[in-house]
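Working notes, beginning with the structure itself.
Note that the chains take the letters A, B, C and D in the order they are written out, and that residue 1 is the start of every chain.
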Amino acid sequence: MLSLIVFIPLVAALGLLFVDRNNPAVARAVALGAASLSFLISLGVLVWFKEADPGMQFTESFLWVKLLNIRYQVGVDGISVLLLVLTTFLSVIAIFFSLDRKDNLRDFLALMLALEAGTLGVFVALDTILFYVFWELMLIPTYFLIGIWGEGRRVYATTKFVLYTLVGSLLMLVAIVSISVAHYNATHELTFDIQTLVHTHIDPVSQLWMFLFFFLAFAIKVPVFPLHSWLPHTYVACPIPALVLLTGAMSKTGAYGIIRFCLPMFPDAVESLAVAIGCAAAGGIVYGAWIAVAQKDLKALVAYSSISHLGFIVLGIFAHNGQGIEGSVLQMINHGIIASALFLIVGILEKRMGTRNLKDFRGLGTAMPVLYGMFMLITLAALGLPGLNGFVGEFLILMGVWTSAMLSDMSTIFVLMAGLAIVFASIYMLYMFQGAMQEKNDKLPAHLTDINRGEFGLLLPACLLIVFIGLYPKPFIDRVSPSVDRLLTIEKTVNLDAGHGGGHH
Amino acid sequence: MGPNFVLIISATIFCIGALGFMIRKNPLIMFMCVELMLNSVNFLLIGYSDFLNSMDGQIFALMIMAVAAAEVVVGLAIILTIFRTRHDLNVDHINVLKG
Amino acid sequence: MFEITYDLVVFITGLMAVLASLGVILCSSPIYCALYLIGHMICLALLFLLYHAEFVAAVQIIVYAGAVMILFLFIIALLGGRKEIQEASFERFMALSFAGTLFGELLLAATVGPTKPIQGAVDAQVLAEVGSAKVVGLELFSRHLVPFELASVLLLVAAVGIICLAKFPSAPLKRRTR
Amino acid sequence: MPHRRAGLIACGAVGGAFAFSLYALSQMMFLEAEQRAGHVLTLYTWITSETFTLNLSILIDPLSVFMFLIVTGVGFLIHVYSLSYMEGDPEFPRFFAYLNLFIFSMLVLIAAADFFFLIVGWALVGLASYLLIGFWREKTSAVLAARKAFVMNVIGDVGMVIAAFVIFSHFGTLNYLDVFAAAKANLRPNDDVALLITLLLLVGAFAKSAQLPLHTWLPDAMEGPTPVSALIHAATMVTAGVYLVARCHVLYELAPYTMYFIAGVGVITAVFAGSMALVQYDIKRVIAYSTMSQLGYMFLAVGIGVFSAGMFHLMTHAFFKALLFLSAGSVIHALNGEQDLRRMGGLRKSMPLTHLTFLIGSLALAGFPLTSGFYSKEAIILSSYHGEMGNIFFWAIAVLTAGMTAFYIFRVYFYTFNGTLRSPEAHPHEGPLALTAPLVALAGLALLAGGLGHWVDEFLAPVFGAAPVHPEDELLETIAVTAGVVGIAFAGILYMTGRDRLEFVKQALAPIYDLLYNKYYVDEIYDFLIVRPTKAIGAFLEEKAERQGIDFAVDEVGAQIHGVSRGIGLWQSGKVRTYALNMVAGLVVILLFVVFL
């Protein structure tokens, strides 16, 4: 089932290459069909997901490379199932939004589907090598999407993005191999299975550098301040549909990787570095927000606000308790919905007005009342208004940070910094919303029309989810929390073993 | 004279050839230096073929001569072509491959 | 007595070869270089003879000192033997030092390192009886047949290559600009 | 949706809420005092996470019912008023949608049974306030005012959220009743935790109730439609801070230092805002400053521990301030949107009913004997001296403020209704029934609600404990009343008669006048101290830290690698001789290995 979800887009992406380039109708049908099918199956996974079960579900496993015992192994638990559905959902939306592109639509859609497949693969892979393969698979389509269809300094941006990511992922490959070697040295059994490797005891020094290698890859992907400098360039250059996937789904793979690898595998390193990473995350929260206040380009503004919001997610993860991690997972979903919706709106406005500069907007609300309402709702969610989804995640994260044992000394400061960033968020989000939609403008183009039915349909699910998660987050948290609890207890047993003098299981 | 003589003479000529290749700018002379180096090796092969009572050295020398002949012929043709197009025989001026 | 005379002849010939090679790299005029090279070739041919490789010596004279060097002289005559100005430069210094180091290393390798004896396939008696050219022929057409044929193919390719180079005029190369 | 139907639905909804509040009140009246203490109704589980469970639940106790009645009652009257006031606005339905959102949010705030939903309601009323201030979204000043209000309120929200964290980490729950019980059992007076919690909660309370130093948004909030000012920025939302302190009185009683702080800030805000109101010319701004000033009184009341007096003043203030705003709105409506006092005058004849209601409201605000304001304000002023925590300074400033209050409101009154109309093109007239009926109802309440004082004390006793006995001190009472009367008299002397006396006073007090007229330059100071540095740092971070710092450093890594490659590329000289040199060098190195190793 999970394989279907992952490989339908991939096969469709390959299949698209055999479609006639001059026949966009077929390309549209294939891409949309594949994405929708994948989305429906993932909904099925969500429905049949047993929420009380903390372990992996829907697992599939068979041998891939016999010599090294690399397995094709997939499965989802509470942490990844929501992200899986989020990704398929955003893919459908992104592909919908890209349907009216004129320039080489077929290849664009093929790359989008490949990107979707890579992201989905990352979320379901249970084998480190498989994970790595999907991790790199995400990179290639992104490179072309930005490099070919981007705008502005697209080559610069995409080169920077790829180099950054490659630095991280190559180090991660080293760590992936070395952790399996460590396991082999202990048990004389070569495996790349994540669930087995989680139990391996590693001595603290090795933990430290392996953790750093893993973390670097994930931190670049998220990105964590100060490794974020690819993000503004990339986001500004990226075409909007790809950006929806990039910000909504791909940036979550980094945070997901931290939860899946760094926390359970390297508990000692996490403990010793949590405060430092917390500082970076909290610094990024304030830094991104503060720079966002000064932005005039809508895309750049949302990009910097993303840095700020993603900092929340990382901070919550390293709070290292139930509330923090659950809040982070929920906030990943929230940010995926909110940021992609914001980018869609930016795309809609750009399509209508031909510019993204806040100075050129003003008073659009009169001409576009429907967009006005949706934009406002999404803005409010983004600045964390209670009753909408952004607040739930932020509240849980900050509560986790406040009560965190691991960040004990610094937690107060972190929370205060986050509070400052929330105030800034209200400032820049209102700048954006009010600057674009309110006040009076006599120079509005005469033909300016409100969003059409299709665009309304794209934004509506996001709006509904924003309200629903805000009012009733329990079903989401209930799916996440058993897995998070298990994650935290796994660590405790490993710690116990380390106390006994190590060895393996 | 024994192996040492052969070795020393051969090494000397080889080094002189290499040196010449490095310090001369005329491609023709550089080719001559290549011939010097090839010949030094030939001499070594011949000498050792005598010391060790083996025909293999002589056979190798013959092969080298064949290769050298082919090389000289092609090389000279190339030099000629270059001269035809550039009217200049200073190798330092031929640096199209500059990185 | 014969031994000493023989050694003396070998020594003097070798010395002349070295001197001739020095002449090759030191003369500024290509025509002198070519002449020195011919002298060097002849010295080497003598040395080959002295080391009982009559056939190779003959080939050396015919092919090298004869054909190849004549080719050289033709080309020099064709292109005009311009003198080359020799000046001291950093590159030249580097070349000298590298060549010197190389020479030192080679000497060390020659004198210090042990040389492992190889058992020859042809013993001295056969050699003395049959004569060198015949043995070479036998060897060449029996054990080394494939390399021999390959060498002939190589020569053929070279011939074809020259025709290609000479026949079709090429456009002047444009210098790459950056 | 047709305007009429939208308005009726909105009014009907609020009216229904009011009816249910009355029902709750009647139910509660039948209960014995001991049983009124509080009922928690759980609606659904909102979240469960590790050690942390949150239920969406509501708390029904006398305090919340009391607030329900005020919010829905006043809200209903103002809804009815708005039907007429907003008629003809193209976005009539949107207005009522926002207004009902506000009522809902306010009720969430009041009904919440734990701090989390208090915060939810708290932020939602901030949102509603933001939406309604910026209702006329084409007006730049309204947009800016809305943003200012929202950001200030977010600052308060953050304070409250952090307070909630402290409460949770210390008590392990966010539920009011559990927290209060645990606090009573475990905390000593002036415990650090109690101080911390109460001060953090105060950040929210001060931001919402426009107390110093978070007050600048309230005057600007008058950019919204007048019914909004009446409902949100006078009667209900801005009193949420007082409600919060009253609701958490258990915690505050454990932190007497904070109480002193509240009382001090309250009384300073009262005099500070009152003084600014003396010289403003915008009719709504004067009333807005008066609101700040009266909120200061309420904080003074809760700060010195007379919670029920504070709640009583909250109620009477809701009546007479809503009345004042609505009357002012009626005037503005009649003058086609004119808000400047200097262009009004002589409306007594053309608008007799409005004149009467405004006069009643002014008298109540000035604390004229037998009006509702008299009773509630007297209770506070007396307690500020006689109460447990009272002292002479609180009392003196309170009395001074009372005098100012009387002066400025009657200044407005005389400006508006006396003399002759100073904008000749206007033709003022009384509004329709929907406009006047709420005025009459509120006027009646403002006049008569004073008699409810004892009932309020008794009704809220299960929450606050038995109210302290009202001190009897005729001397102080007389002084306070006199202060009010003197204020009215001064206003009469300056504004009823000739202009020359006024000009003389203005000249004599010019520096103070300028200071007051420019609102103590607080906006400018904030702009200079906070807004501009923030923007400058933002720009600085973008330019220096981002472009020239991190991004530059990253690019420089690439550039350096590129440079090194260039350097290595020079090796690739294209010269055959150099290549030969390199080959020989390589040979040398290889031989080095062969020979020596």
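The rule is simple: contacts are C-beta pairs under 8 Å (C-beta built on N, C-alpha and C of every residue); 3 or more make two chains touch, one makes a residue touch a chain.
Keep in mind that what you see is a predicted model, and the values were worked out from it rather than measured.
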{"item": "Most distant chain from chain D by Cα centroid", "value": "C"}
{"item": "Innermost chain, taking as reference the mean of every protein Cα atom displayed", "value": "A"}
{"item": "Chain centre separation in whole Å, for chain B relative to chain A (CA means)", "value": "64"}
{"item": "Intercentroid distance (Cα basis), chain D paired with chain C, Å", "value": "102"}
{"item": "Chain centre separation (chain A, chain C; CA means) in Å", "value": "69"}
{"item": "Euclidean distance of C-alpha centroids - chain A vs chain D, Å", "value": "38"}
{"item": "Sequence positions of chain D contacting 2 or more other chains", "value": "577, 581, 584"}
{"item": "Contacts with 2+ other chains: residues of chain B", "value": "18, 22-25, 96, 98"}
{"item": "Multi-partner residues of chain C (each touching 2 or more other chains)", "value": "91, 95, 98-99, 102, 106"}
{"item": "Chains that touch, pairwise", "value": "A-D, B-C, B-D, C-D"}
{"item": "Residues of chain C touching chain B in the complex", "value": "7, 10-11, 14, 17-18, 21-22, 24-25, 30, 33-34, 37, 40-41, 44, 47-48, 51-53, 55-56, 59-60, 63-64, 67-68, 71-72, 75-76, 78-79, 82, 84, 86, 91-92, 95-96, 98-100, 102-103, 106-107, 110-111, 115, 117-124, 127, 132, 135-136, 139-140, 144, 147-148, 151-152, 154-155, 157-159, 161-162, 165-166, 169-173, 175-176"}
{"item": "Residue ranges of chain D in contact with chain C within the complex", "value": "577-578, 581, 584-585, 587-588, 591-592, 594-595"}
{"item": "Residue numbers on chain C that touch chain D, as the complex places them", "value": "91, 94-95, 98-99, 101-102, 105-106, 108-109, 112-113"}
{"item": "Touch list for chain B against partner chain D, complex", "value": "18, 21-25, 27, 30, 91-92, 94-99"}
{"item": "Chain A contact footprint on chain D (complex, rising order)", "value": "44-52, 116, 119-120, 122-124, 127, 134, 137-140, 143, 146-147, 150-151, 154-155, 157-159, 161-162, 164-166, 168-169, 534-535, 537-539, 541-542, 545-546, 550-551, 554-555, 558"}
